[in-house]
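The structures come next, written out as structure tokens.
Across the two complexes that follow, chain A remains constant while its partner is chain B and subsequently chain C.
This part shows the complex of A and B:
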């Protein structure tokens, strides 16, 4: 028992062990206040224990690969392995998945922006359905939170996409029946809709309150694997005279999303509008909310029209090369623009 | 902190789909999948004289229909900023509405006009003022039917004069858009209202920065009366609405011929322009379109109209003669499909046979069109 190596009085040691603190790592991961409360000792005593525990664990494993002087630091190799193991949420459009490196990545905040009618809401609904594709089919088997600020979420459309998704899975089991005899498609479109938690917010105060509440909500619903905000912008384009304040509020919100994404390893997808930006005497198209906001998302995808086809373009990503791909919005949801490959890419 | 959230299935079980407000016309409803949705903001874009106001007046009346008939069992609030308000036309429509739906008013001593509230709006500030009073109006109103529809006709008229074309004014204007839309969406969500807003168009002007031609929605560019137009108020406003439909009118006349050999002797027959409704964008509708025209009794789909009127054979014969032109006029395959389905309808209802001469002009840029659905009829 590691705790016994600490130079402590036997009474305190006994209290520690009976409170469940048997290993050094379990001690060093809590704060002194928590420790004091759990073990029923004074805070200064707890602080001393923490100091000792950190010293000992630091010296005993300084040659180990996973050593860390600062709590929580990891090396890049572990992170890479972890990241590659993370599942991605397919968009149902394999061309789009390809440029996204397999889909929308979990643990990241992805911003998707485009002109009205380009299909932002469609992508949002599609993702909230696709996140529920079971693991046997290469999905995440998670749930979705859909935060609707614009009122564009239509249940009948979600149902259409969910039906198409279930049909695609059934077709897929048809092809692979030798391997997946046991795993018949259990999901019904109704189940899919049941697992989308829908919030309608009507003002920016509600939006801020909801984002603050999300941490608690997701702790209670651990299966949530994607949070979609459609759109992050809408309430912040009205009634803000003080733009500096808006920037502060927004960056605080962005930090919260970032934290959620890391803590629960879920994907956060923020849909954004476009606006015209007045630079050097002419108007340019740009995503809304200004320059400082553009730093707050890890990935940024811009949707645009190219002739009669819809295109997605990776504007910013730390890990992906910038590329563009076409997609279409069909009755069954997002698909490749060439009509030949209609089936969802599952694996 | 009390944050309400709803599970999807609760919506499904209790409300089914978002309730829709019928337009009172089969063809339009089919195109809109049931009509204008509640808890949503729909914009009607059209140049003047296309029937925006007609459609809005008709919606205000249709809101009173019982839910089983596609209405909302509610009253309408009509905010108008374009003067004068067409009271006579509303009265005319309400009379025929009353005649066709007498049962709604049978038990009560009222008529359709009692459930359409009219409020004029003459500036943006006035609109804010009015909007802040709507909530208490809804909760305190003593009327038989609850408020279920808000019409704002039109939003463009409020902004056309008040703001300059400078960046700071444009920013202020955009902030107003979002404020209006935010407030209306809030009301729509709280009381389950359908909100319909009309917007004007401006002529498309090619400019150096290239943003005026920015494509928004399903149609690459919008044409009305043969001119290229763009919806007024620009990109910022386009972000504020959930769905946008575009009404255009073409100068060809639907049934002018009836004047020469009018058999029914009705007085309805003056040159009636064909109007067309396109879905520009909408979260729940595929790109589609339909055609309609405006009669004394309101808006009526072209297909429905021909069927209802029980047109004489000569009218059909005239119509058939236009098919080659109509098909050659088709700009894209979607229009072609619509044209073909129209022809199929026409033939089915009139029981007349197409001759090969009717079809020889069916040559389009997509090749010769065949009518497989009509092969039976063609053999006659």
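This part shows the complex of A and C:
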């Protein structure tokens, strides 16, 4: 009974409680006029109550400091400290990690798009393996959700990448063994595959339903640190006649992904296809789903061919400068393209 | 609207008898009373047994309504209010400041329009850093796309002396709130209004809230807009007016971002949210970035006191990032 904590006269407190205002949040969510009407007090009294309720719930949420104006608002200084401690998921390609500021960042929605065969699915699989690298090796020790709309997830390929990842970790332990007694690599490729939760989605209705369900699923499986959607576009490119409705549905879905990313502090990676776009008299390649969709993600990475080499380019990011880096897809997964630096740094 | 019986507590004349008389004429709330023909009502009151009492009730109602009426301001008072309370806040960007003759105006709603990665969020974060650093104001940042980045804001702080302490001081004046749907947005803004009103009453002399940023407002509105119903449009307009009310009453500069949509076949773009929203912002700025040479330009689409169409080149924030 939080209302009893408010410094009020007993008659008003009784009125509040009998009108159903038992918690502070129930009080602070109504306007003073409504409160006055429901509880039958004057508006100025109601305003005083609201003020007290807001002060108390504000101060309890930020340890007695009255720095935030509204409940739930965070101070940028605290956020700065938190941001610096935020883990990032490595892509196993150090050049790519470098332009991404250390890897795919948690709490963000990152969109990765490119032409067919450029390696979008490879990046997806690589990330779902890499998120499981234990904390001792500089990873997150998390689990992955893989939402497959195209049917392009290859489990043999995932196993291959997982094996390579375990081998790399073993090599790294052997290398570091002289300096301190690191534990043996406990992880088996089999465990890695077990911790990839795979959903096959066959229509856009299923996709919407799944996104709505994710919140519950992740609350039950706490360690999920990355959600990969391969690809976000597929079902939305064909079945829709009403484009305005498509925009509405997609932007709502984007907000849900944002909410997930923030709430569980996980990375959301959306893979997207390309389309041609008519601008200034010529056709150019652009990511699918149109202009409105391009605002829906926090970061946007575009993959493209430059001669024979694969390149990634940061098209949009609130915190990173635009830059590009090359990468290759090898049998062992994503790696640097230059042959000189084959070793993957896991620190 | 408030039912008439709530007035009884402070005014005994508006008793059950008076309310019954009103109800017989279809008047249940204050709003009904305002819309009703009062001469007719007075004429009916004459015929009743307790005519004097009823007429007194009507007079009391009218006087109550008069008290609640918004106060009158003449032009001179408005000018004084403008000069005393409505300052311009530097956006931290010289080009934009010169274009806007000083920067963002307090009490006004400024909207940034631009395609994806044209620098809208960068503009918002730079303005937040600038207001918190140079104007000693507090900033409230409503983020809908997880794009608020404290590290990036720290890069915009340009003071040289005692960097760490300054950084802490500036950053703690900026508070960020994440909102993912329009209903939470209304909750947040109402909470903010209550907080601001109580601050005024308590005469708190700490840093005043001077800038409210909503990045981006269009991503909240797009999911509810369109289709057959007009509910979404009503919410959009209500949100716009709530923001403008906050801006006016508490002398806050409000900065919102909006995206662009394609207009016709020609490959041109126009601001999203349509014609209804167009009338809401006081100032509308178009941001664009040329991807080949990464030149950023800002142009005025709508302004309350300046001709539209003026354009200015700004620093390319993307390239500027590393040197700060």
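Observations, loosely collected:
Following the convention adopted for this analysis, the second predicted complex is superposed on the first by the 277 of 347 C-alpha atoms of A that agree within 3 Å, B and C clash if a C-alpha of one lies under 4 Å from a C-alpha of the other, contacts with A are read in each partner's own complex, and residues count from 1 in each chain.
Convention: a residue touches a chain if its C-beta (ideal position, glycine included) is under 8 Å from a C-beta of that chain, and two chains touch if they have at least 3 such contacts.
Owing to the predicted nature of the structure, the values given are computational and were not obtained by experimental measurement.
Contacts of A:310 after superposition on the shared chain: neither chain B nor chain C is touched.
When chain B and chain C are set side by side, the one touching more residues of chain A is C. In the superposition on chain A, contact is made by A:278 with both chain B and chain C. Once the two complexes are overlaid on the shared chain, A:151 sits against chain B while remaining clear of chain C.
Of the two partner chains, chain C is the only one touched by A:33; chain B is not. Residue contacts after overlaying the shared chain place A:255 against chain C, while chain B stays out of touching range.
Judged by the touch definition given at the top, the superposed model places A:234 against chain B, while chain C stays out of reach. In the superposition on chain A, A:88 makes contact with neither chain B nor chain C. Of the two partner chains placed around the shared chain by superposition, chain B is the only one that A:200 touches, whereas chain C remains out of contact. Where the contact sets of chain A with chain B and with chain C meet, they give residues 278.
The touching residues of chain B, counted against chain A in their complex, run 1, 3, 5-9, 11-12, 17-18, 33, 37, 39-41, 167, 174-175, 178-179, 181-182, 185-186, 188-190, 208-209, 211, 214-218, 220, 234-236, 238-239, 241-242, 244, 280-284, 286. Interface of chain A with chain B (complex): residues 115-117, 121-122, 150-159, 190, 193-200, 202-203, 206, 209-210, 212-213, 217, 233-235, 237-240, 273-276, 278, 282-285, 288, 305, 308, 331. For chain A in complex with chain C, the touching residues are 28-29, 31-33, 36-37, 40, 42, 47, 50-51, 54-55, 67-77, 79-80, 83-84, 107-109, 244-245, 247-249, 251-252, 254-256, 258-259, 261-262, 277-280, 290-292, 294-298, 300, 315-316, 318-322. Chain contact summary for the complex, chain C toward chain A: residues 2-3, 6, 9-10, 115-117, 121-122, 125, 138, 140-141, 144-154, 167-168, 171-178, 180-181, 187-188, 190-192, 194-198, 201, 209, 216, 218-220, 222-227, 259-262, 265, 267, 269, 272, 294, 318-319, 321-322.
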